[in-house]
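Okay, handing you the structure first.
The first chain written gets the first letter, and so on, giving A, B, C, D and E; residue counts start at 1 in each chain.
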Amino acid sequence: MSALLQTRNLTRRYSGLVAVDSVDMEVHEGEIHALIGPNGAGKTTLFNLISGLTAPSEGSITLAGREVAALPAERRAALGLARTFQNIRVFSAMTVLENVLTGLQPRRRCGLAATLLRTPMFRREERTLVARALVALETVGLAARADEPAGGLSYGDQRRVEIARAIAPEPALLLLDEPAAGMNPAETEALGRLVRRIRDGGTTVLLVEHDMGFVMDISDAVTVLSFGKCICQGTPVEVRSSPEVMEAYLGQKVAARLAQRFAGAQAGRASA
Amino acid sequence: MDLSWLDDFLWTYQNVIHSVGINGLLALSMYVVLAVGQLSLGQAAFMGLGAYSAALMTLKLGWPFWMVLPLSCVVPILFALAIGLPTLRLSGVYLAIATVGLGEVLKALYVNIDYVGGALGLTGIPEATETWMIYGLLALAVLAFWLVARSGIGRAMEAIREDETAARVMGVSCFRYQLGALVVSAMLAGIAGALEAHSTSLISPGEFGFEPEVSILSFALLGGIGTPIGPVVGAFILTLLPELLRGMADLRLVFNGVIIVVAVLFMPEGLVALRLRRRSA
Amino acid sequence: MLAQQLVNGVLLGATYALFALGFTLMFGVLKVINLTYGFYFTAGAFAALFFTRYVVASVWLALPVAAIAAGIIAMACDGLLLTRLRRRGAPELSSLMVTVGAVLALNSAAAALFSPDIRRLPVGLVSVESFNFWGVRVTTAQFLVLGASIVLVGALIWLLRGTRVGVAIRAVAENPEAAGLMGINTGRTAALVSFVSGALAGAGGMLIGLNFNAIHPYMGEEMMLRGFVVVIVGGLGDIRGALIAGLMLGVVEVLTAGYIDSGMKEAVSFAILVLVLWTRPSGLFGAPKLRRA
Amino acid sequence: MSSTESLLSVAGLEVAYGRTAAVQGIDLVVGEGQVVSLIGANGAGKTTTLRALSGMMRPRAGRIVFAGADIAGLPAHRVAALGMRHVPEGRQIFAELTVDENLAMGAWLESDGAEIARRREQVLERFPRLRERLTQAAGTLSGGEQQMLALGRALMGAPRLLLLDEPSMGLAPLFVEEIFGIIEGLKREGVTILLVEQNASAALEVADTAYVLEGGRIALSGPALKVAHDPAVMAAYLGG
Amino acid sequence: ADTIPVGSIEVLTGPVSPYGIAIRDGETLALEEINAAGGVLGGKKIALTVEDSAANKDQAINAARKLIGRDKVVAIIGPTLSAEYFALAPMTNQRKVPVIGTSITSIGATDIGPFCFRTSLPEADVIPAALRKAMARGAKTIALLYANDDLFSKSSYDQMKVAAETAGLKIIDIETFATKDTDFSAQLTKVKGLKPDAIGIAALVEPTAGVLLQARQLGFGAETQFLGGNGANSPRLGEIAGAAADGIMVGSPWFIAKDTPQNKAFIAAFNRKYGKNPDQFAAQAYDTMHLLARAIDKAGAADPLKIRDALMQVKQDGVMGPLSFNAKRDPASAEGVLVLEMHAGKFSIAP
């Protein structure tokens, strides 16, 4: 497995605060990689650095072997990067379908001339894009609400719109910032299945999440951030048993519950 | 059948008819920048550049109108590129004021340069604008905007309007769209300027400052910017209103203002509060 | 001569700053480009005019009269025109549009009512003698303008930064819904802001009318463009910024007119405006948007 | 149901956005000193219910009696004056104000400076992270920090009834525990709480009573323990 | 028809409206006198329609087209501003309807065509008189200030400059401002440093007053002579500037205390009707209306072509003095130009 995303010495400072502190991280192609850490650890900032919304103070970011730290966000999207936002940012006046179609911008080929002339190619492209968008909506369970303005959806549903919008172009790397926030355990489980399916479809996933059950369940690798620094990196099992992680992040109770749950993983699943 | 009354009617209202159409074009040139979420107030300045460059081509170079008209958008476009590059990173009112600045600087230049007539401006511009030219261009522009709005480009524009950051993450190059919109805006305004110059035989610096800019903005806002039809409707109404209210003497402008207030209070999205549906399936 | 020119610039700049104070407050807090602001300025000047002519010819009484009259008008306009839109969550641009219509109606009504002729406050309201400091001349009216802008800047900064009411004003400005949840009466806060900025406009109208000896229905309208520049360069809602930007604009205009070419003063000041924005896209002291991705 | 007096009682509440009805006639009682939990799927109408209670939205029909007064249709600031505090969805902190100013706004209705200082100290005690960030603009806080601020700001109002809309959202596990600890602490202090949570198991653990909302209607209600053991609830909200 | 339709286009709304309103008042007064005295063409009344142009080029054109196309007027008085005149005159000329400007001073205005007239004296005829007076009082150097964004002021300045050069005055500084400016301190401070004997101000009355007020604040005293252009020749100058205007001299074809019977009657009638004194613009419009009535009578028919020809021939001795058109359709004589000086807010003939 080669590294699809690699950061070296990635650093972002704000006046008097190092939000991301020389992070070296590798996300391999085809894996589900989780980024966890206490509140304010710098996870979202790291996402902003990777997706190009914040400029790094130092360090490099390579995507599929290409240095992207200097590229603007839209160019990175064209290279196959997609993301969702922790603080939801749907286009609220646009319909749900239009939101997802906007996510498909990197897949659009027709230019101004074709648009004005309504060439057959343009028509064909519009049809395929709509079809793809509907598939994405189907995937998150929102197909029935395609024509409603996105701003009129509930919080959890808007989060689904964001996910659909991000997965529609079948990106090479998908960044999900707390996708399960605002979803109940049953919905979270469904989300887990969805993320796996996305991965199986060929998209590498990097996600931030505080729901440990969810993270431990689905991820192939975990990176732990604390005060901007990477304090631990490894498989879920390794991370779970790291005392530092336990102290900085999980707390006794959660760690115990996790241990219990995964120790009896087989048994638990059978009984359910 | 005696149609001479029609001739009379058309003669009497010729300038009104021209103004309505030209203002329609200006309203569209405002619409296109508003459509990418920018409050750029350089349209009157672009119009001035179009009007001056066209009038100079006609008066000083003696070029025929069919050449002048398409060329009238060249200077405005060059200016749009020149000011767009540094100012587009500004947002909202900051951009608005920076672009108003362009208009004020140009006005000072026109006033101070004798070659372009100083405070008087350029006079004796031959009448060459025909009604069909104005309305033909207007129809073409509306159609083009309509087609664009109902396409991926239109979606990208609306996304920029709603949330630039999110749009960029979707791969939309805000800068390219916004610069493009500014160039199209300059092109339309420039052509409108050329049509105006060759319709009224005089252009002077005062016509392209802050006040006309505010009127152009009101065309677009009163009509509503959900569709390209809205701004044109707004321009039609606000251009005709002063003529219709001619009888009211002193209170004409008061009434004009009250009508705008009432219209907006009851239809804050504009008179044409439609939203395009882009779903083709 | 340079000394006199610099003083001229500062004094002119003080008028710009004085005009811009209420504007930046209204603009920055209520988040609407309120074009009727110029009308409050005019209204204050006219209130002072009538008061000094028909009641008592005293600056110190006329000043509060002008301020209160303009403040009440501003509050009424805001309540009548903008509150409805605000409550409905209408787009910002439609609020702007309402003020476009309103200012047209108000100014033309004022012109129809009072005639567009220029008037002046009674001669002798303040001493017309100018003081001579080593050859630099300053009049009483100019001192008043300068003094008023500095005092009002101080008072406003104290109000906004140093009092709970000020914090509440900023809270309402940013998120009226959440402010309501805190128990803040948002309608009353908006009315308060309108009153204060209207009152500032009114006081400014009287003092500037006194200074330039010119009171007429379009006087506010004519200050608006400069007012915009000052508010934008200073940063929206930034009181200290408005003062500094106002003074800067005045000095730049005067120096351009005095030493380069009086015909180029607008061009030069706008060129500087663009430069300032180019290096500081949110105004002199404005921090970039604080919301995060 | 417990025999305590009801602090809030809702009857026949209907709320709509334009023509779409989001809440379609719900009855709900919150007893003084109780923690009542409201659970339901995305879009069930939980947030809408809270918004109507705190005056952020005007209900289309129904009665809301809080502390003896009918508050249906009152504006938010009047409801707040009666002692209700709502920590809204999406946090809604004042991004451009500092953390300290945000807290000060939470105590807007209190005029006694000493009392405000006391509450502030209490809040900072609870959320030491906020003390570190007192002068930072709230908009630059991390998601979790903002959540703490939103809660702290509401506590500055010394509420009689606290409406919490997904308070644990976006919080690290350590902190989720802490939030529920805080909720329990508040309950002990006698604060009445109406809690909307996706973390249903934890919510049902602290709650006395629970309501399950489905499509804008109450599908099930009763003592929290009983609701938690309802098989349908277990399947739908507690995860396998 | 038993009425003869005549149109007028003036700025009746907006900041420039004081000028348009003065003109409307003057022509309306004349119209009432004409109709009361039995009208024209043996008993027909003149029906005057005054349209507002709001100082806007397009509205001025619209008004002219409406007057000609719908109201079928035989002649138009106005418009108020030169820019409006340049915009509508090509069209009215093509349509062969005479247009008579009463306040148009720009060079070349009447060259647009044979139907373009004006009764306002180009300033070339009034300014030299004032300059000569200043030189007689010892002025050798002069600084010129003008509003460069306003046509009326600009042409006034152009004439002033030429006149000063021909008269042998040394121009030591030229400063500009905008008509709407209220602050002139920078320009005046600079001028003050150059110590000119005289200062010529070419601007409308409002900015002229502003310049004078500020000049006094900056310490300009009686040692500096102030000269005004046509724009300064208004009773409003004294009203706005008060004592600051003392000593300013203007050349004028007309002045309120001019001692002719016509003028006295005009002033009295104007005061009766409007309760205030007329200014130069009202006087000019008053004379123009009378002249037009004369031309209609002379033409013998309500026919624009004949009226045009008649206009070329009529002569009148009005409140402004003798008035007729030369071959270029400009006023033929500059007789009666006086130099006025302001004292205590009122103009009187300069000693």
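As a working rule, contacts are C-beta pairs under 8 Å (C-beta built on N, C-alpha and C of every residue); 3 or more make two chains touch, one makes a residue touch a chain.
Fair warning: this is a prediction, and the values are worked out from it, not measured in the lab.
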| item | value |
| --- | --- |
| Contacts common to chain B and chain D (chain labels) | A, C |
| Touching both chain A and chain C (chains) | B, D |
| More contacts between chains, C-D or A-D | A-D |
| Farthest chain (mean CA position) relative to chain A | E |
| Centre distance in Å when chain A and chain E are each reduced to the mean of their C-alpha atoms | 75 |
| Chain centre separation in whole Å, for chain C relative to chain B (CA means) | 30 |
| Length of the line joining the C-alpha centres of chain B and chain E, rounded to whole Å | 35 |
| Where chain D touches two or more other chains at once, by residue number | 140 |
| Overlap residues in chain A, where contacts from two or more other chains coincide | 44, 53, 85, 87, 89 |
| Numbers and ranges of chain B residues touching at least 2 other chains | 107, 111-112, 165, 250, 252-253 |
| Touching residues (chain side chain B, partner chain E) in the complex | 8-9, 11-16, 19, 107, 111-112, 118-121, 123-124, 127, 200-202, 204-207, 242-243, 246, 249-250, 252-253 |
| Interface residues, chain A side, partner chain D - complex | 14, 37-41, 44, 86-88, 152-157, 160, 178, 181-189, 210, 212, 249-251, 253-254, 272 |
| Chain A contact footprint on chain D (complex, rising order) | 17, 20, 39, 41-44, 47, 89-90, 129, 140-145, 147-148, 166, 169-177, 198-201, 235-240 |
| Residues of chain C that touch chain B when the two form their complex | 33, 35, 81, 84-85, 88, 90-91, 93-94, 96-98, 100-109, 112, 225, 228-229, 232, 236, 263-264, 266-267, 270-271, 273-274, 277-278, 281-283, 293 |
| Chain B residues within the chain C interface of the complex | 34, 39, 86-87, 89-91, 93-94, 97-98, 100-102, 104-105, 107-109, 111-112, 165, 210, 214, 217-218, 221-222, 225, 250-261, 263-265, 268-270 |
